[in-house]
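Structure incoming, see below.
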Amino acid sequence: MELTVQDLACARGGVPVLEGVGFTLRGGRALLLRGPNGIGKTTLLRTLAGLQPPLAGRISAPPETMAYAAHADGLKATLTVEENLRFWARVFGTRGIDRALDEFALRDLAQRQAQNLSAGQKRRLGLARLLVTGRPIWVLDEPTVSLDTASVALFGQAVARHLRGGGAALIATHIHLGFEAEELDVTPFKAKPRALGHFDEAFA
Amino acid sequence: MIALLSRDLALAIRAGGGFGLGLAFFLIVVVLVPFGVGPESTILSVIAPGILWVGALLACLLSLDRIFALDYEDGSLDLLATAPIPLEGVVAMKAAAHWVTTGLPLTLAAPGLGLLMNLEPAAYGWLVLSLALGTPALSMIGTFGAALTVGLKRGGLLLSLLVLPLYVPTLIFGAETVGRGADGLATTTPVLMLAGITLATLALLPFAAAAAIRINLR
Amino acid sequence: MSLWEYANPQKFMQTSAAVLPLVWGLTVLSLAVGLVWGFFLTPEAVNFGSTVKIIYLHVPSAMMAINAWVMMLVTSLIWLVRRHHVSALAARAAAPVGLTMTLIALVTGAIWGEPMWGTYWAWDPRLTAFLILFLFYLGYIALWEAIENPDAAADLTSVLCIVGSVFALLSRYAVNFWNQGLHQGATLSLDKEENIANVYWLPLLICLAGFVLLFIALVLVRTRTEIRARRIKALVARERMA
């Protein structure tokens, strides 16, 4: 189980933002993506998750191994915490949401509707979804937004446990998560504007 | 995929108005028509098949823009697109949920409204049959339209503009079935055409709609 | 040297710039000859009177209304399969022209219909089919206008064009079934040439050619405009990035 990215270029709204990105992520390892806002971290993660095609380059990973979590948690306000998790478990064909409830301290909230959760609790529920997917490679976009210190620690432990179990994680974040991880600054990969005067630049 | 269908139905029930709204709209449209054309039962019974079908079609249209919009806004659509379910299956289930919440109640309620419109007694069976055969096509075509406009800020009006011309064949054959049934004429051709359109849209449009969603998520 | 070379925007701009004056010249020439000949130099028909002369506008515009959609379908397919931007932009450029042609066909038909059938509008299958085609054009253009990202817009409108084509054909059959109409059968197909007298035939052919040329000229001009608009957009985006 290994995620390899070679010479990847991706675009946002038709404009190239990153190019020449390359790294390897093995099981048991975590890679933190760093870089200023707007550099294209979200675009890169969406490309890796298969939501948009890369402009160039190769992404190789075993099929159906990535679990993607974005800014939005994909929760249904009128469903309870348990129902939300159970739905994703059924979609991903896995069984049991107990571990997810326990690791993210959601047990007491299980019967509460998602609309009655605080922002941080919603976020925890969104992250708990990762566990019910049963997929080894986590692709996470700013997972700690609106989490308090205790919840961040909870999340850090969950990721650490996932890594110990042979999983891998690719995380775009600005803060320290409390486990050992490599870092990749994507700033040097910023796409350079092509030479002026080239007629076809509008039709990349 | 069953999970998706049952979740969408649960959401429709809990959010309230999932089932009722389209039905109430259908009722209002049909009730308004006599105020427009006058109470003569002979006129009403002539236009009844058309009014019932147009009413059902408009009621279907009403809830189309919600098919993907909510899932798009809360990020579920991104997650579903990366889930092991093929997006074509997601689209088909969305259309199915839409049909269960609008097409099915409309079909069941139509005979009651036929009474209000003084529909010929012979036409009731054909009314239910044509709606049962035709409304799945309306839901599927509408889901395709919703897939094209997902992510657009003012998609609602555009959605109607895109979907209504696509509804023309279904409407023609559907209303024709009821009209011919009312006149005691042979209905085989329109019924077969209606069934054919529905089967073809169910078979092919999920692919077009899934392609549209992939493009919109990029 | 393959045909696809013209799908390169740069090559397209060069070639179209060179060809356009010629196309415009031929358009003006053939329309002038065809319309003047048709309107002033043909006899009045025995049973139609002078009203018949509107065919020099009605028939060519109706033909181009359909041909424009077919051209959009072909260019949409080319875009989806081969990703040539010029192809997608040509489809976009053709849509308003096709819409206008449909409108001309409907309006001239109404003007002609009043003296002939005693009504401006009837729910005749062919009229209805054109009205539906008009709606398809509106939807297609509206979708282009609504989407910000040009590539996504090209993809989505192409999908709509393909699905719409199937439904347009289906609607054509459906309205035929729904109402057998007033329109005369085909008067222009080759084997039925005798349906229309020879005096009217030749100027009509010239008018048809004129409308085809007019369509080509307008689409070329509009495609050039679209390409330039894309370039401006790219330059603005570059400014913002720098």
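Letters A, B and C name the chains as they come in the text, with residue numbers starting at 1 for each one.
Heads up, the rule we're going with is that contacts are C-beta pairs under 8 Å (C-beta built on N, C-alpha and C of every residue); 3 or more make two chains touch, one makes a residue touch a chain.
Every value quoted in this text rests on a predicted model; they were computed, and no experiment measured them.
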Central chain (distance from its CA mean to the mean of all protein CA atoms): B
Chain whose Cα centroid lies at the greatest distance from that of chain A: C
Pair of chains joined by more contacts [C-beta pairs], A-C or B-C: B-C
Centroid spacing, where centroids are CA-atom means, of chain A and chain B in whole angstrom: 37
Centroid distance [mean C-alpha coordinates] between chain C and chain B, Å: 32
Separation of chain A from chain C, taking each centre as the mean of its C-alpha atoms, in whole Å: 48
Shared interface positions of chain B, touching two or more other chains: 218
Where chain C touches two or more other chains at once, by residue number: 149
In the complex, chain C residues that touch chain B: 132, 135-136, 138-139, 142-143, 146-147, 149, 152, 155-156, 159-160, 162-164, 167, 170-171, 173-175, 177-178
In the complex, chain C residues that touch chain A: 8-10, 13, 85, 148-151, 227, 230-231, 233-234, 237-238, 241-242
Footprint of chain A on chain B - complex, ascending: 2-4, 7, 10-11, 14-15, 71, 73-76, 78-85, 217-218
Touch list for chain A against partner chain C, complex: 13-15, 193, 196, 199-203
Complex contacts: residues of chain B adjacent to chain C: 144, 148-149, 152, 154-155, 158, 161-162, 164-166, 168-169, 172-173, 176, 189-190, 193, 197, 205, 208, 211-212, 215-216, 218
